[in-house]
Structure formats: structure tokens, C-alpha cells
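Take a look at these structures.
In the two assemblies presented below, chain A is common to both, partnered first by chain B and then by chain C.
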Partner chain A sequence: MKEILYYTWGAIVSFVVAFSVGITYMGLNRKITARVQNRYGPPWYQNFIDVIKLYSKKTSIHHGVMHHMGPAFIMVTAVVSLLVIPILNGNKFFPNLNFQGDLIFLLYIMVFGPLGMALGAGQTGNPNSAIGVTRGLSQMAGFEIPWVMALVALMIQYKTTSIVDLMNVQVESGRWLMFSSPFAFLAAVMAMLGMFRYAPFDIVGAPQELASGPMSENGGKYLFVMMSAGSVFTFAKLTLYVDIFMGGADNLIILVVKTFTLYLIPMLYGITSPRYRTEQSVRWFWGWPSFFGLLAILQAALF
Partner chain B sequence: MINDKNSQKIVDIIQNFARQHSLWVLAYGTGCGAIELPPTMTSRYDAERLGVRGAATPRQADVLLITGYLTTKTLKRVIRVYEQMQDPKYVIGFGSCTINGGMYWDSYNTIKALDRYMPVDIYINGCMPRPEAVLSGFAKLQKLIQAGKADGAKKYKENLEWYRANQKNVIPNWRMPEYNW
Partner chain C sequence: MNMIYILFTLMFGGAILTFLAHKVSGLLRDTLFVLTVLASTVLFYTKIHTGDTVDFSISGLSLQWGINAYGRIFSMIVLGLGVMASFYSVSYMKGKERLGYFYFNFLISLMSMMGILMSHDLVSFFIFWEMMTWSSYFIVIYNGKNVQRSGINYIIFSALGAYAMLMAIVMVYAHTQSLMIPDMMQAFPFFPAAYKIWLPILFLTAFTVKAAMMPLHVWAPDAYADSPMAYTSVFSGALSKMGIYGMIMVFVTMVNYLPDDTWFRETIAWLGAITAIMATLWAIAQDDARKLLAWSSVAQLGYIITGVAVGTPLAMLSALFLSVMHALFKATLFMAVGAIEKQTGTTKFTEVTGLIRKMPWTFISSLLAIIGLAGIPPLGGFVGKWMLYESLINSNHYILVIAIFFASTSAFLYCYKFLFGFFLGQEEKEWEHVKEAPALMVLPMIIMATLLLVFGVFPGIVLKPIDLGMQTLGYSTTAGTFWSMSGLFNEWGNQIMMRPLAYAIGGTFLFFLIILTVKGFKETRYVTTKDISSSGEVPLEHENLTFSEGFYQPFLRAVCPVMKRRMMTYYQGFGQGMEAFFDYLRRVYSGNGQTYAIYVIVFVVILLLFKNSLFG
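Then we have the complex of A and B:
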């Protein structure tokens, strides 16, 4: 009983931390974008205000059951991956549900949300949603390949499928995996650009051409759920990268510094880039990132 | 305690603060007024610092911005857009054309007073209003929201028959779904 309470409490605390950190990052993203464009920009807490407003909007849209379930699928994905990914080294303060094989589990669960969202968007009958879904799934076929290759290379090299084991390897050798397997890191970071869906890979949302794509029929509370799930998922993904490649973190401050440094890569690359077309995006992911992924597997198998 | 009057007041204050500082705008760019929006949103006047931001679809928007004259043909689309938006929603009439027809005052196929067909919370006059005027209109709307007085949507629901009669008067082939709230 005491253990169950401990885990429940830990889940709630890690959700709150992930939500506030993730949503602050998204607010900082808007602020930094504005500064790069020579604007003053909204305050960093603008996204908190947006979330409260979205929650306080009345919502009367009905397109069918799957339409209501779509945002819930995204939320489930975000929370489950947050619970599986260890937040700090040695599971301090944040208990989580990691187990042998959780890397493979993560590979599956991370595409579960977009698939559920695709079903929900399909039921709205909005043509923009349908185009957005096809684009999103094609792009996912693009960036999943270098991402899986990078993870498989790590699994071969260290003969484990557990994130905690990979973190322990780095703590014991004192060397981050981004230096000992650089090609896997390169491939994974390039796949991350697609995962975050900032420009030039924002072909799914694309407000100017697709009217925000899959979520074009979702307003008010649906958007609230999606925005909070997005912020939690942002934090979870960044923490996963820090855990695997940058040696994890001993406390929250180091974690925030490391995750924000990593978050700057898709953010700054996005601010300075226009938008790709779908086939350009897929071709980009099947080019250099997949090549680096292949090199990573070769390095892991041969050396 | 949750249904207490005082706690409801606190909730209202928080909600009105959030609504006031996060206005997602759906710009219905019918007339010439749409050209004033890019300078309002970009670096010179930067409306995003007030929390004003473009929304992609009516479902996500809070503010409907009617920029300029409306022909009877576009009025039909605007009404559908307005009824798709989620509460609480606000309408800004932009430019002289929405107030009294402006330079189209004797045109046969434009509507003269937008107020007869949709509830308008704020008018911004001018032909065209400069971005400063647009920003001051948004600031006025924010004050109304803070005071809880921007209740155009409520008025629309209460006087739906009157609005419908006016709309059907100018739209000859009325084939629209009948909404009931």
C-alpha cells in the first residue's frame, strides 16, 4: 500500500514538473522567436495564460466518439512516456516505472499518440485534417528510421534495452554517450528535429496552408489537452535525450540546463528556416540522418 | 465551497484575466482592411506582446475581426464562421464600412450596419484604421473583457430571432443548418 502511494505521488509530482517546465520552454520559444524577428514578443508566461483561457472556454463540438478520444490518446502517450523515462540519475525523488526493455516500449508508445490523433482527426471530416494526417504519417516514416537506427546502435553496443542501464554506463565510465557513440547522437538529434515539428518540418500543423492540420476542428478544451500533452511530451523527450546521450542529471537544475541546451537546437534551426514540402522532408530524413544511423550501427557492431 | 458566490468571483477574475491577455484572432479579410493586419502583427507594432495572436480556424479563435465591407454573399459565410466559434467570443468591426457602409453607403449588394446581423463588441473607425488604432481597439476590448462587459455572444443568443430575421432579409437563398443552443 505504501509503495502504491509512493508511486502515485511520484507520478503526480513528475507530471506537474514536466508540465510547468515544458510550457515554460514553449513560452521561451515564442519569446526567442520574437527577439530573432526583432519584436518585443509576449512574456515568457504567455503560454500559461493561453492554457487557462483554453480551459475556461466553453466547448460544444461533436463529430463522434473518436474525435473526443484523439486528444486523450496524445495525453496518454505523453504521460506514459514520462512515467517510463527516468528523470534523475539513480531514480532520486522521482520514482518511475522503468524496466528491462523500456527503450523498445518507448519506440512503440511514442507513435501511439499521433496514430490516435489521426483517427480522431479523420472522424471530423475536415479535409485539412485529412491532409495533415497523411503528411504527419509520411513524416513519421521519415524520422523514425534514423531514430530507430540510433537506438538499435546503442542497444547493440551496450547490450541492453534499458534506459537506466545506459545511464549507469555513462556514470561508471564518466563519459557521455554523445562522445563515445557520436554517430548515434547525430542521427538521433537530426531525428529530433522532425519529432518536435518546428520549421522546416512543421508540415503537419502549417497554419497558413492547412489551417493547423489535424487539430483544425479542435478548439477550447481539446486544444487545452493537446497543449498540455505537448508540453509534457516535450519535457519527456528532452529528458530521454539527456538520459541516453548526456549522462542524465543529478538534480533538477542540471536537468533544466541540459534539456534547454538541447531544446535550443530544434528551436533555433526552426526560427531560421522556411518550411519543407512533404517529400523534401522525408527525403531529408532518409539522407544524411539515416547515413549517420547506419554508421552508428557499423561502429557498434565492429568496434 | 466550490459553488460559493465568493469563490465564483475569484474564478471569474482569473478567467477574465486569462481571456483578456490571450486573444486569438480570426481575421476575416474581406475588404481592404486586411492589409493593415500584417504591420499590426509584425515587428513594427507587434500585437503579440499584448497576447494577440492569429488563429487558424474558427474553432480555435476568440475574436472575429471583420475587416471592411461585407457583401451579402460573404455575410452568409461570416455568419457560419461566427456560429462555429466557441464561447466566449467577441466581434470587432473594423473600418467605417462596418459602421455605416462607409464609401459603399449606397451600394446595392453590401450591408451597411454590421450590428443588425451580428453582435459587435468593439468598432474601430477609420478608412483605413492605422495599426495604432487597431491596437487601441484591442486594448479597449481587453478592458471590456476585464470588466466582464464583452457579452456580445450572450446578446446574440437572447435576440436570435431578431438577428435571424435580419439575416434572412438580405440573404435570398437561405440554406444553412439551424443551430439551437
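Then we have the complex of A and C:
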């Protein structure tokens, strides 16, 4: 019982941190995008305002049980992956479950939510939602290949599938994995572009084309939960990258600096790119990113 | 009399009685059918113990039946699925024709599968194997649909496998003068080198036909799709596992003794992986649920074959665990398709939509089964997949693990297609009258879906008998080193604990579900799926905007180069070539008396010319 309370407390604390950091990042994204496009843009705290607005709005309709449950599914992915990913080195301040799960578990729990939300989106009956979902799943089949290649390369090089072990390797050697396994890092970062779904890979939401895709027909409390899950998940993914490639972080400030630096990659790449078609996007991931993934596996297997 | 005799007498007698009862009354027939399956299951689990054997001899051949711990793993699948499918069939087959014929073959195929698991000699193994093939063939052609295509394909490939097995059995008998399987295993290391290569190849030909491994898989999609869904759950869930049962025995007893077994293992493992990838892509392209699930079965067996071929203790554990899980979730899904077919009369995604509110229980069980199939925690499929990946990574199969992962990620695409196509999307007037399937059909699905969840959180329940079976095959115990009641470990000592993770998943889900429900409970009301705004337009009553045509077209465009070649075209080309060749040979019979006279003269001249060398 005490253990459960302990982990619940850890979940709440990590959730609050991840939520505020993630939502700030999204606000900064809007601001930076605007400045690049020579607009003034909304203030950096605009997304806080949006979330509060969504929460306080009255939700008057839903399209059925699956639609109602969809946002809860996506929240499971966000929270459970946050629980399994160690936030700081040595598991300081944030108790979590990383000794119960590993990288392969993480890979699979990361698709739990999107699939659940896809079911919710399916029940709305809006054709745009279903089209967005098929695009998203196709793209996932694309970017998972270089991403798994990068992870497999790390696993075989350091003979572990646990995130904590990978962090310890970096702490002990004093060398980040992004320098000792550069190809794996390249493949993983290219896969990250697809994971974050900014342009040119924004085929799922596809503004001006699919009317926000799976998100359409959602408002009020549903969109509130989805948006919070999105920001928590953003933070979780960035923390995972920092953990396995950039040596983790000793305190929150270093973590924020590292994650934001990483976050700039998909953001800036997106601002300066148009949109791919679905098959182009899928094939893009099977091209150079997978080639780097193969190089990473070769490097890990041979050296 | 020995209990093993009674078991077979019961099953065979039950089959005949059911067949005869069909003439008397439908109720009697259904009761006898279900009772036979139930009674033999109860008998098997209460009276027949691991290690029981019975010896007898027929015309000088000494034969032996018995059950060991390894056979027990598969008997769990056969009898468990048998019970579920028998209850389901009674309701599903109601009102169809020739039910005596169907139930007779159903029972015979259950009996022959038990026979395969209990044969300790090659002759009864072969006979039961053939009985299984024939009984399932009769059910494949029961519907009378595509008999040419699905029926003939199935029986030709099965015959190919059976001949290969027969040849192997004759080779073994010629060399050892014994038909007992243990004798063959003991003698195998001392066989001549050519035998050592050919025996596993011949046996594997027979077994991989049933397990539908590429290139011998072409019968599977049609045969699975065309048999009645009540039987397909057994066909895909249990009957195909007989191929896995045989393959594991071949790999453990024969391939281990090959002088250089690596290439052998790698070839089969890669064939399994290619089967998984290609079948997944074909499943994505299907618009008929039965075809989709049939291809998906082929793909899932591809993973299992890879696990068997790799053969490390962890890989073998995962293959056996996935076999049990595949039986559970694929049977559930085939049953769900059967339920939908019964209630709506179609299985095409393009025709039927929006059933979620009409068939909620079917939806829930298919949802759980799909989560299990996709390998998403905390359901059973994840445990099997986790062990498979870890075993591949730990045994240095780096590219293979990527291939398997690709197949498994692409599987999400057809998983979503299945759920969306039937249950989600806009509701139509045409399907307004549809009701939930009868309780007898829904209950088996729900039971199996629940079992998937239980086995996912406590995999130890299934891994315990599997571990005992693997000890029979000569593996040392894996309990504690690779698994505990709800924990899994790999060779590097990393671990995963299913129970706390399942609690975390369930807790988070419930928490946010409660928040979503409680907040504004009174204000939020249900509106139909027609009440949407698609780009500012509200669809009219008669308009259906469900997206079901060309569902994954962009993805299929991306992968089209690999889907251009099909195994079937090669077989057809081979068939046409043979036809042309024999057509040419046929010209010998010209129908002209003078030509035949020349043949006779030429024959006599040859005889005279070579008289000395032929008869001298």
C-alpha cells in the first residue's frame, strides 16, 4: 500500500512538471514559428490560456462510448511512459517504475494511446478523422524502423535493454552516447521528426487539408485532456532522448536546457518545410534514416 | 480398459452418433456434439496423466499412444478451443444444411489432433495427420464456395506435405527397423550424413505446410476464409499449431545434431520473418474481414516459426507462449467475424459500418483480442512479443529483429482497419435492425478475451506448463531465470514486471475516464454520428461519409514494389508449364493407325539392336 502511494505521488509530481514544461514548449513553438514567419505571434504562455479555456468550456455532445474514452487512452500512454522514463539521473526526486519496464515495453506503450485515440476518432463518424488516423498509422510504420534500429544498436552495444543502464554507462564513461554511437543518434533524431509530427510530416493533422484530422469533433473537456496528454508526451519523449543519447540530467534546469535544444530540431525543421504526401513521408523514413540505422547496427555489431 | 482407448472411443463414437442423430432431431445432435467435446475434455484432464502410455500392435507393427508434458501444452489449445468453438458452432450453424456432416468432421478433426499429440509412433502419427487433413478439407469445401480454388489448393499442398512425411517415415524405418518416435530420436545422431540433411527437410515440408510458412502458404488465406467461421477459429487457432508442434520436435531432436545447423536455422528463421512481413502487407490490402484475418494468421505463425527456428530457450518459450496467445485472440476474432456475418450477412468492411452500439459485446471482445494481437501491454500478445524480441537481440539476430518489428508495427494498420471497418464510422439506416449475437456466441468470445488479459498480467500461468513441456524436450528449467508469475527476464538480466505496469495502466485509464465522465456529466449528451461538421457541412440523412474504400492506399503505394510478386503466380506458372509439357507429350497418341504401327516397329528394332545389352 505504501509503495503504491509512493509511486502515485511520483506520478503526480512528474505529471505536473511534464505538463508545465511541455505546454510552455508548445507555446514557445508558436512564438518562434511566428517570428520566423515575420509575425508577432501569441505570448509564450498562450497555450496555458488555451488549456484553461478548454477546461472551463461546457462540453455538450459526444458521439458514443469509444469517443468518450479516447482521450483517456492517450493519457495512459503519456503518463505511463512518463512513469517508465527516468526523469533525472540516479532516479532523484521522481520515483518511478523504470525497474519494472524497459525500452521494448516503452516502444509498445507509446502506441497504446494513439491506437485508443484512433478508435475514439473513428467513432465520431467524421471522415477526416479516419483519413488522419490511416495516415498516422502509415507514418508510424515508417518512422518506427529507424527508431527501432537505433535502439537495437544501443541495446547490443551495451548489452542491456534498460534505460537506466544506458544512462549509467554514460555517467561512468563521461561520454554521451550521441558521440559514441553517432549513427544511432542520427537515425533516432530523424525518426523523431516523424514522432513529433511537425512539417514536413504533419500529414496527420494536416491543417488546411484534413481540418486537424483525428482531433476534429473534439472540444471542451475532450480537447483539454488531449492537449494535456500531448504536452506531457512531448516532454516524456524529449526526456527519453536526453536519457539515452545526452547523458541524462542531474537537475531540472539542465534537463530543460537539453530537452529544449533537442526540441528545436523538429521545430526548426518543420518551420522551414512544406508538407509531404503520405507515401513520400513513409518512404523517406525507409531511406536515409534506415540507412543510418543499419550503419549504427553495423557499428555496434562490429566494434 | 485404458483411459486413452476410452478417450478415442468417446470422440470417434461421439462423432458417429452425432452424425446419425442429425437424422433424428436437431436438438439431440447439438447436445451430443457439445457433450462429446465436453466429456472428452473432462476425461482428458481428470483421468489421463502425463506419462500414461498404452502399447498395442497391429499386424506386427508395435504402436504406442501416450501423452507427455510437451503434448499437453498443445492439448490445452486443442481442447480449450474445441470447447469454446463447439458452444459457438451450435449457435452459429443453426439453420444451416448438412449439419451432421459438419459436426462429424469437426469432431474427427479434434480427435485426430489429440491423436497427433498422443502418438508415440510414426504410423499412428501419419494416420492421424491424414485424418486431420481430410476432415478439415471436408469442412473447407462445406460452404461450396471457391471449391476449386481453396479446396484443391489446400488438399494439393497437404498431399505434398504428407508424401514428404511418408518418405521420411520409410527412410527412418529402413534404417532403424522401428517406428517409435523415441527410437528415431535416439538413432538420429548415428544416421548417415545424407539422411541427416534429408530427414529434417522432409519432415519440415510436411509441418510447414500446415503452419503456412512461405513458400508453402498459398492455400492458407483461401482455406481459412472459406470454411465456416465456427471451424476457422479451430483451424487457424489449433490445427495450424500442429505444424508448430512437429516443427519444434524436428528442431529439437534433429537440427541440433546437424554438423552445421546454423544455416538451417537461419534459413527457416528468415523464411518465417518474410512470411510475417509479406502476409502482414497482404492483410492490410484486404477488404474482406475473413481474408484479412486469414492473412494475419499466416503472419502470426511467421513470428512463431522464427522463434522456433532460433531455438534458444527464451525464443522457444516465446514461440510456445505466442502459440497459445494466437489461438486465443485469433479464435476470438474469427468468432467475432462469424457473429457479424450471422447478424448482417456480410463480412466486407466496405458494406457494413457502425456496429459498435448494436453489438457492444462483440466489440469489446474484438477490441481486447486486437490489443492482444497488436502486442500492446498489458495483454498476452505483448508478453510473447517481448520474449521474442529479447531472444532475437540476445542471440545476435540484429536484422531479423528489425524485420519482425516491421511486421509487428505494420500489423497495427490492419488491426485498426478491422475495428474501424466493422464497428466505427457513420451508422447507417441499413444496419439499424442489427442486434447483438446470441449469448452462446458471445460468451466464448468474452471468456477468451478475458483470458488474454489474465495471461498478459500473469504470464506465469501459461509459462508453467510450457516450461514443463520444454523440460521434456531436453531444455533445462526456465522458471526463475526467464520468468516468474508476473515477471519476465532476458539473458542480460533486464526485467519487466507485468503486474505493477498493468496497475499503472489501469489506474491512469480509470482516473482520467472518471474525470472525463464526471465533469459536465449532465450537460454532455449523445448525438448520432450523422451530427458532425465536416469542413463546415453537415451530412444529410442519406449521405454516408464513412471512409472505407481504399483505406490504406497511400501506404500500399509506398510498399507496392515488394507486393508485385506473388508466390501464387509462380505456382500457376509451374502448373501451366506442366500442362503445356504434357499437352506436347499427348501428341504421341495421334489416333492414326500408321503412326502406332511405326511405334511398334521402332520398339521392336530397339529391342533387337540392344538385345544383348538388355537381356544378355
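Here, the second predicted complex is superposed on the first by the 296 of 303 C-alpha atoms of A that agree within 3 Å, B and C clash if a C-alpha of one lies under 4 Å from a C-alpha of the other, contacts with A are read in each partner's own complex, and residues count from 1 in each chain.
Here, a contact is a pair of C-beta atoms (placed from the backbone, for glycine too) under 8 Å apart; a residue touches a chain by one contact, two chains touch by 3 or more.
Remember, predicted model here, so these are calculated numbers, not experimental data.
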item	value
When chain B and chain C are modelled together on chain A, clash or fit	fit
First, second, both or neither for A:Gly41, with chain B first and chain C second	first
A:Tyr269 touches, of chain B and chain C: first, second, both or neither?	neither
Chain B or chain C, by number of chain A residues touched	C
Chain B versus chain C as contact partner of A:Gly220, first or second or both or neither	both
Which superposed partner A:Phe291 touches (first chain B, second chain C, both, neither)	neither
Chain B versus chain C as contact partner of A:Ile49, first or second or both or neither	first
Chain B versus chain C as contact partner of A:Ala130, first or second or both or neither	second
Chain B versus chain C as contact partner of A:Phe260, first or second or both or neither	neither
Apex chain A: angle to the C-alpha centres of chain B and chain C, given in degrees as a multiple of 10	110
First (chain B), second (chain C), both or neither touched by A:Ala211	both
Chain B and chain C, minimum CA distance [Å, superposed model]	6
Contact residues common to both interfaces of chain A (with chain B and with chain C)	58-61, 128, 211, 216-217, 220
Chain C to chain A touching residues, read off their complex	354, 356-357, 360, 367, 371, 374-377, 382, 385-386, 389-390, 393, 396, 398-399, 401-402, 405-406, 409-410, 412-413, 415-416, 419-420, 424-427, 490, 492, 494-497, 500-501, 503-505, 507-509, 512-513, 515-517, 519-520, 523-535, 545-547, 551-552, 554-555, 557-559
Residue ranges of chain B touching chain A (in the complex, touch as defined)	14-15, 17-19, 21-22, 42-43, 46, 48-49, 51, 53-54, 56-62, 85-88, 181
Chain A - residues contacting chain B, complex	30, 34, 37-43, 46, 49-50, 52-53, 56-61, 128, 207, 211-212, 215-220, 223
List of chain A residues in touch with chain C within their complex	4, 7-8, 11, 58-66, 68-69, 71-73, 75-76, 79-80, 83-84, 97, 99-102, 104-105, 108-109, 111-112, 115, 118-119, 122-128, 130-131, 133-135, 137-138, 140-142, 144-145, 148-149, 152-153, 155-156, 159-162, 165, 211, 216-217, 220-222, 225, 277-279, 282-283, 286, 293, 297, 300-301
